[in-house]
Amino acid sequence: MRTSRLEAFSDGVLAIIITIMVLELKIPHGDTLSSLREAAGTGLLTYLLSFIYIGIYWNNHHHMFQLTERISGGVLWANLHLLFWLSLYPFSTAWMDESDFARTPVVVYGVNLLGAAIAYYLLQSMIVRAEGPDSPLRRAIGSDVKGKLSPVLYIAGIGCALFIEDGSGVGALLALAFFVAVAVMWLVPDRRLERFMVEREMEGP
Amino acid sequence: MRTSRLEAFSDGVLAIIITIMVLELKIPHGDTLSSLREAAGTGLLTYLLSFIYIGIYWNNHHHMFQLTERISGGVLWANLHLLFWLSLYPFSTAWMDESDFARTPVVVYGVNLLGAAIAYYLLQSMIVRAEGPDSPLRRAIGSDVKGKLSPVLYIAGIGCALFIEDGSGVGALLALAFFVAVAVMWLVPDRRLERFMVEREMEGP
Amino acid sequence: MRTSRLEAFSDGVLAIIITIMVLELKIPHGDTLSSLREAAGTGLLTYLLSFIYIGIYWNNHHHMFQLTERISGGVLWANLHLLFWLSLYPFSTAWMDESDFARTPVVVYGVNLLGAAIAYYLLQSMIVRAEGPDSPLRRAIGSDVKGKLSPVLYIAGIGCALFIEDGSGVGALLALAFFVAVAVMWLVPDRRLERFMVEREMEGP
Amino acid sequence: MRTSRLEAFSDGVLAIIITIMVLELKIPHGDTLSSLREAAGTGLLTYLLSFIYIGIYWNNHHHMFQLTERISGGVLWANLHLLFWLSLYPFSTAWMDESDFARTPVVVYGVNLLGAAIAYYLLQSMIVRAEGPDSPLRRAIGSDVKGKLSPVLYIAGIGCALFIEDGSGVGALLALAFFVAVAVMWLVPDRRLERFMVEREMEGP
């Protein structure tokens, strides 16, 4: 089974998720900067954060399937499982934002991020398993430090969020700092895969 | 006529359907777990169910058109007919959810599922007919037990839903059990087609 | 310039238009069939009608670009012009529906249909002109009876709509009859183009 | 790394942006032309303007990547950066429209346009840099007069918008005139690139 249609469908879903989040931004009622800040201040920031997350997933998904030649039926479902978690981003982002970073919504946002990270990991493992010992993807990801560090950071963020008291105090800031750290860590596109692909091309077919 | 653009268009429509359902989830007003359960509790479950249905259709659609080489104008319309029924899923899912699984909305949801199943069957038949006796799709689907069983299970579910009295009692649970059974039955990707494709490749062109 | 990306982009826009119309359907507040009829009765019918129109345009667009080999910059814009008119369908459909088929909204709906038909005609002409006297599309469309009849029928429908008095009386029914007539006329996929393509393939390259 | 998936994803995002703006148009409550003008009068005009902007970006994006053969990871992110600015168009368009062209919203709209123009410029520069001195894109864009003039015109428009007093007076009209001027300037598809591609093809490979 070839990967082109799986990629096209995933592109479609990711393109929609990344775009409909903008529909959750509320148009300010007034026409001043302060009404903009009130209506969409943190909304714009969380939109930016979730936009970057989806961008990272698209980016890594893109790299991953460039190194994948054959897929099984299980991979199709592991991919849908990942898309399901990502499709909840607009919902959990909007709730966190509207609650002004209260405890439960921040925890739920973190669980959503964690769920997507685990789903990505499962997808990657399933591809590697389907391709056997010579999987180019396996060789490319190597020890997968980033992939293993992400869930740890998310769990740390969720832990911090559990200590949020009324108002968006230190707990919320710490939780978000951990979430942002994962984004920053991944923001650099996966040089390992890129380098690997360049080397592979140089070796000839 | 080649199938690539039909697949691309169907991918687009399915990607949108699967994603906009999340817009029907209501952001909770409070910031506790119980407000989440109140606002989006069953909503998340029905979202998951409809997400899986669309995933199944995408999956089977994908397998079906990998075995299809030529399409006629009639197939284009049979495909649009299927997409029409699927495009109503967000609507009927949301109504069933908002009514707390009352009789009519659950029946309407079942009719929607049944309509899509019939449309899929018509599409499959039209492809097989257009390809003639040597259709690889015909040989691959074989006796099509799942395809024939699905409408029966949907009708059984609709039948149960007709006995729903006030509140979401036994009738609703039974109806949903039949609907979920179809999803579970299909969740395993169509091994017949997959096996067939592997065999065919082994035989050589 | 090749047509593949123009087709992909158009597919995306058409897929979204055809799908977001379902978001305009109002979820009924009650849980009976009559509340469904009240909330979404004519809405479902006009959704179906507009779904079929978009389906027809997608179908014909698909056939047209299968016969098109080269496009100019002007064709890109003629295509966007068509997509603009089609993107207004959800808006004009919803207004006509909410006004219970009052005069102005039905006229506006007709003008929207007419605008799209003219935009399609312009796009077709621009492709034929860009390809020169040997354009396979020109030979395929022949006298283009349907293409020329559509605007006439739309104008007739708009004319009838101008006579709508309070309530959805004879004028509205006549107007809609003309609009439906165009859909029925096109519903049969463009056999001319299909036949032409078969013949062309038989002739060999 | 090849450009096809980047193009497909961008097409998806642009197709959604261009289409969801129509969801911001309010369905009129009355059924007369004046209620249409009230509810969606300027909305239709600003929708048209933003539709044309997105169309221009799609068009230029399309031309640009037809001349691009290899992309780096940085280009993926520069592209997402452009899509981020474009994804805010529905939001800033709706706010400008609802505020009846008050000072701050028009300034914010201008800043949004400016941000997208700068992001496009960065994307172009990054591709040219990645391709090295023989970049066909570099030769094709030449002195890039339009690309350099656009930000200047946007800044001039923002400057005018800063002088908007209550009501949509001369300042708003001047600001919009500058914004429209950019659209008109680009509306003609990039003949430089087109001409270049024709010449290149004539030269043979």
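As written, the chains take the letters A, B, C and D, and residue 1 is the first residue of each chain.
What we mean here is this: a residue touches a chain if its C-beta (ideal position, glycine included) is under 8 Å from a C-beta of that chain, and two chains touch if they have at least 3 such contacts.
Values in this document were obtained by computation on a predicted structure and should not be read as measured data.
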> Rounded to the nearest 5 degrees, what is the angle of the rotation that puts chain A onto chain B, matching CA atoms?
Replying inline: 90
>> Quick check on chain C against chain D: do more than half of the interface residue numbers occur in both copies, making it same, or fewer, making it different?
In response: different
>> Between chain A and chain D, what distance separates the C-alpha centroids? Give it in angstrom.
In response: 27
> Can you list the chain D residues in contact with two or more other chains?
Replying inline: 8, 12, 15-16, 20, 23
>> Considering only the defined contacts, which chain B positions touch chain C in the complex?
In response: 1, 5-6, 8-9, 12-13, 15-17, 20, 23, 72-74, 76-77, 80, 83-84, 87-88, 90-91, 94-95, 98-99, 102-105, 108
> Given the complex with chain A, which residues does chain B contribute to the contact?
Replying inline: 7-8, 11-12, 14-16, 18-20, 22-23, 25, 27-28, 31-33, 36, 40, 48, 51, 55, 58-59, 62, 66, 187-191, 194, 197
